[in-house]
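Both complexes shown next keep chain A, but they swap its partner, so chain B is in the first and chain C is in the second.
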Partner chain A sequence: MSSIALASKEKRNERTDLPVRRRDARRIGQVENHDTLAAKLNNLKDGDTISVRVKRFDSSRDAEAHFESFAVPYSKWMRVLDVLIYISDELESDLSYRWYCGSKMCGTCAMRVNGREVLACWAAAEPEMTIEPLRNVPVVRDLTVDRQPYEQLVLSLTPWLERGSPYPGFPEPFTHKEMKLASKALDCISCLACYSACPVVGLGDVTNFAGPAPLVQVGQMALDRRDSMDRARDLIERAGIFSCVSCYRCEEVCPAEIPIVSGVIEPLKALAYKRLPEELPHQNAFLKIIRRRGRIDPSELVMRAQGLLLLRSLGRAIRLLLRGKIDPIRTLFGRPIQDMGHIRRMFHFFK
Partner chain B sequence: MKQLKAEVIVIGGGAAGTYAAICLSRLGVAPLLISKGFVGKSGASIFAGNLVLSGRIVGNTEENARDTAEFLIKYHNQFLIDQEYAKRCAQWIAEIYYPELEEAGLYFRRDNQGNVVTSPGRIRSVAANVQGNSGIPFMDLRRKQILKAGVPVMEEVAVTALLQDETGAVCGVVAFDLSSGEIFCVLAKAVVLATGYSDRLHSRSTGTREMSADGIAMAYRVGAELVNLEMQWWHTNDVRFPANWQRMQVYPNPMLGSWKSARMVNADGEVFFNQQEDDPMAYGPYTVQLKRLVKQVRAGKARYDGNYYAGFDHVDPAEVEAYTSYAKLFKQLGLDVGSQLVETAVSAHYRQGGVLVDPATMASTVAGLFVAGGIGGHSNGLIGLVTYDGKVAAESVARYVESKTYSSVSDESVPAERERLEALLQPLGAEGVPPIRIKKMIREVMWEDVGVEKNAAGMTRALEALDRIRAELIPKMGLRSLTRCFNHAWADAIDVLNMLDTCALTIHSALNRKESRGPFIRTDYPDMDNENWLAQNVLIPKPGGAFAFRTQPYDLPYLRPGFSRKDNLSVEW
Partner chain C sequence: MKFAYFAGCSAQSTCKELNASTRKVAEKLGLELLEYRSATCTGSREIRAVKPYLFLALNARMLAMAERDKLPLMTICNTCTLNFLDVIEMLEEDLNAREKVNNSLAEEGLEYRGTAVVKHFLWVLLEDIGEEKLRSMVTHPLTGLDIGAFYGCHITRPPAHYGFFDSRNNRAIERLNGILGCKSIDYSGRTECCGFHTAASEETVAIKLVGKHLKDAIDHGAAAIVTPCPLCHTVLDAFQSDMEKDLKTRLRVPIIHLPQLVGLALGLSPEELQMDRHMVPFNRKTLRRSVPIKEKRRDRKIDPAL
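Moving on, here comes the complex of A and B:
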């Protein structure tokens, strides 16, 4: 019910703490590295030629994809989408690419430019561009992909609020602080840039990892204090959340600047662990080792987490041993790190 | 040819269509939702910046509630609205809409003390999380509600024609699947048209890629009466470059949590509009800004396609950042939101008019055809209003289908529509013209002669140009590829014919309204004429492609303009 102007200094500090981009490491050096639209476009001036290679494929006709090249004259502040529109409108090509809003809202024009996932409507054109469709989703034609498998996956994770108690009426009492994590996840425009960039999703059936985008969709609900559904089992079994290796590739490409790993996946992991610790032997073993040694020991971790199952992959264990990746001697006789007091205090703190 | 059946077909996956489908399934009627794009991702609804409060919620006073009603009727509809409808709608928004959205999980931005953050003007609004982005989580929620309710959805499927039974009642559709090129027919007991109001008919427009006024054209072809098609609204400060950011707005109204707003500066660096000073009530949704711009253009200090600037250079950037998304475009362009301005231009925004409906039932003048949202000619489609329409349409459709059985369509109509569509899939000959080029030409004609300021001579010229396109270029239209898989050029060819019809009907309507009113500015009739034109400008289709006009004055039970005739540019709203 307030319409507070940002008056006092104190309040302002509290508020400016909110936008993640203030602390966003990706923005450091952005201007110096010519990474904003305008900075990149300083490389180009009106009338310059942009060389574009586009990957083309028609699932109803072609056995294999091929590249086609186009030359596009640069015009002021051109983005990737403007280049594509030029190709279809002026060069009258039959290239297929998807876009609706053209202004970072609908999230349908994600694609890969020079190997990196971008929204075509938001990324600057570059003098030389290779444009390819997203990975990890079926390509239907040229840059247009089939979103259905992703939609089905999200649907299977019940991405809606389930209230445990009756709705108290508008406006219900809670603060922005309590919604901070969920509210970042709510910025998701499901463009699938992160889904394409994720190396674990890229492994295919090796893991059952649902991928960053579906987890952000779950996070919108699971991190909302009003949601009372028990999502832990789904997160572990259906979404394979612990297969995430926290490599931050998803965060790096997210056009909505959602802290996907630190602000969504890690809190969801914590939520799952808190609820079902007994089902997570790997995480338990990890904690145990750190508690005892102060640092991780790979062979002990594998032995504790897998137990007798390890016998099934004895061959691999031997290979690891021969390459010096595991060291049983250190596992048996290695000493803890020097200042274990810090570690103990950390455990105490997080308790 | 595939023939399906659905009790009710809802055409359009925006705020109105999704809510109509949700309400229909709550009422035990089985809807099929067909969307030309993606449900909740395409169209105008995701652009909703913030959500206007009505009634006495979130600290709204009696006075705030009255001001909101005035805002809606006077400023936002220039009195071309059924005031009783406005009243019902406002009550529903206060009592049902907000609680229902929040219960379903929509997050209205709070501060750290737990208060809902509002804009401070006399017309107060809230945001779903961030001002400027409210439509995104709003429509994402609707998408999930549709999926949760198990409503069958067809996406990237364009309805190309409405089908009629022997009595003339609408009883189904023919549709075109962009992903496969499949053409099929769906029979239904009733159809809800919810295709939106913001089409891409001008060179610069806020309408998105797929919006080609199909709804108006299809409704017209089955004989539905249309109203106030000429009432075109404009965004005054959309970014000029890059070319396809033309729907990226530097929002001129106060920012959430602050009285501050963007200001506009002409080519000589003179500020010519600042909401805080020039329209402190924050009443004028674009009209007041537009009128100021017209004066600048006439003085040679701005153009409708650029050479004037907007921004927040007088505001602390922390304020822009805290609750709005408006800083993002500055950042992306490498501009400093706290000290720099961005060049802006006008874009055609929404069409106030549309299909004539009875706002109590959302029924059109054709049996079996109901309307929800911006496509209706009853009001300007704020997202709350169009949602209300979805509910009203669903309720009257549920009553309508109760006693209704599926009717059969005539033997010829479906194959004829299919043949028409297949005939468009033809190779581009040596003299051929790709449909995208024709789309571009239509938009240029509209921008040139049916833009912000118009007159009879220019509009007549535009009609002649459209006739030439129809006669000379349409027969030569051809496609570079004949694939059936995502053949966008084929979809463009279908769009072109809808665009031509809607543009011509719009121009005829504009020629018929012999006055200026709000954003409808005629240089040959500069006065707002409440004596003769505080009225519906109804276009009545006649057999053989002809049409006639009828004017129908509005009742004014609550608010009146207070003068009978005045120079439109001197009217302060």
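Moving on, here comes the complex of A and C:
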């Protein structure tokens, strides 16, 4: 559908007081918040003024970052990158940002616009924009970030493929199914949008989670049928893969639309579990409890996953007990759900 | 209106009050709920990741039960909802997997055909009951109660299911708040992650992720936070005192389940909705503190007639 047709459809739906139709409730807010490209393009017309705030910082000179405001005249189809080019051509030649291809290929122009990671070359300009550099990586100057920590992290995770069997010659016989996950991961342009969006990476040293982008790089190799390297220990210890909280922030911002959580991180978790199940008490406890009870008993899960470390949070356990949030009698003597025999056979079936 | 009802593990253990209040509210709304006593866990993120086929089978089993009874399946947990939606999609895409899964279900006389409909309680309220009908049922508008919404991840992301370019644009709970008569507070953490899925082994992550958002919600004037997910509730409520220690500041903001908020507006009392079972209790005091009150002394005995 052309964007003009989209835009007119958008306009018809502009009224926000319309009743919610079937299957619409999960998208409430999309229209009133202009959450589509068509709506964004509708927001501005030729000759409008865009007000832009850019976060500026020079690591060799400034102690702290500050914001600088610019007014940029809008012209049709203007992207965030065009706004930046206008600023550096006409208003502030000193502004630093990185771009190369301008067409969603090189992955160098990722930045945060109004709190969301986008590629400057692919995002439409908005009437009001706050443009910041990516998070979780050091800033060199203004919107230019230092990619070296990320590149070193990727290097430490052996981002290459090791064949277990000799090369059979070209073409190698693959099915789509065999290459489904790896080929998705291969769409990655290393723009670091996901790395910046990840809340766990944002916590710094609290975990050793490598973050979505490095794991996608590993996934390109590890999820390829030809790879025979045992990556389980690296994934668990070096990449901290089980620290992923499955929040899907990475999938949301990925310009290559890679299903990072469900198509990369989870298959990598499966790979790690297959090789080293004994090192993953949380996952084992979960399976064990479902196999025995059919449902999760949180107290048992926490006890099995943490073991003696649980004593650290004894105070909380007592408070939870007082409110009836945990039920030791049920944990110890609770009966499993009905039809448990069938569930157990299901476990056996998919062993 | 009849629904197959899937409560999930959390609402039957740590958040029993969610199950109880959903049933009470459903009764008020005229929803008939059919609960399956043999319903299992949907596999959360753990089985989903490490045993993909078992994950498909566990979910397909419950979807097949709802299909058998020709009922839409109502959920009250974000993670369960997303698991069901994902399984529906995966079994649509991969017919070999569907066959394999159906082979394991055949023994129980079940077959998954791909016609199941899954709806979170929030969507049932807005789609099936409808805004107008719901508005007409509100007997006790929550005027003066300032509510911050905490969506949780799996009801607004991934974009493949919910279609948002930016998940922060979701306004479903705010829309509901409007119907119930309370004011919605905007704050930074509305659609952020609670960190539940690693909390059993790494609770520091959850504590550090959420504390700052609760602080922000309070700073913006939230008297309580409402969440559609019992997993978020567990982190926000049970770990709140740890967040206070981490931030070295007082939070004490009550976290309430979505059905409880609806229940209050429909005239059920906080006690009936078991709101005293929370670690940070929501009681008549909270309700009253949020509406402008005349007397200054807060520790005064609460008038039982209120």
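Of note:
Going forward, the second predicted complex is superposed on the first by the 274 of 351 C-alpha atoms of A that agree within 3 Å, B and C clash if a C-alpha of one lies under 4 Å from a C-alpha of the other, contacts with A are read in each partner's own complex, and residues count from 1 in each chain.
We adopt the following convention: contacts are C-beta pairs under 8 Å (C-beta built on N, C-alpha and C of every residue); 3 or more make two chains touch, one makes a residue touch a chain.
Worth saying up front: this structure is predicted, and the values here are computed from it rather than measured.
In the superposed model, A:E172 makes contact with chain B only, not with chain C. By the touch criterion defined above, A:T144 reaches chain B but does not reach chain C.
Contacts of A:T130 after superposition on the shared chain: neither chain B nor chain C is touched.
In the superposition on chain A, contact of A:I326 is made with chain C only, not with chain B. Shared-chain residue A:D58: touches chain B; no touch with chain C. Overlap of the chain B and chain C interfaces on chain A comprises residues 19, 36-37.
Within the complex formed with chain A, the residues of chain B that make contact are 37-38, 41-43, 46-47, 57-59, 98-99, 102-105, 107-120, 124, 129-130, 133, 135-137, 140, 144-145, 147-148, 179-180, 208-210, 241-248, 256-259, 316, 318-319, 321-322, 328, 331-335, 434, 436-437, 440, 479-481, 483-489. Those residues of chain A lying in contact with chain C across their complex are 19-30, 32-33, 35-37, 115-116, 199-200, 203, 206-207, 242-249, 251-252, 259, 261-262, 265-266, 269-270, 273-274, 280-283, 286-287, 290, 294-299, 301-302, 305-306, 313, 316, 319-320, 323-327, 330, 337-339, 342-343, 345-347, 349-350.
Interface residues of chain C, counted against chain A in their complex, comprise 9-10, 12-16, 37-41, 43-54, 57-58, 61, 86, 103-104, 107-108, 120, 122-123, 125-127, 130-132, 153-155, 157-172, 174-175, 192-193, 195-198, 200-205, 208-209, 234, 238-239, 241-242, 277-279. Those residues of chain A whose C-beta lies close enough to touch chain B in the complex are 1-6, 12, 14-16, 18-19, 31, 36-39, 58-61, 75-79, 81-82, 85, 88-89, 92-94, 96, 99-108, 121-122, 140-142, 144, 147, 155, 159-161, 163, 167, 169-177, 179, 182-183, 186-190, 221, 224, 226-227.
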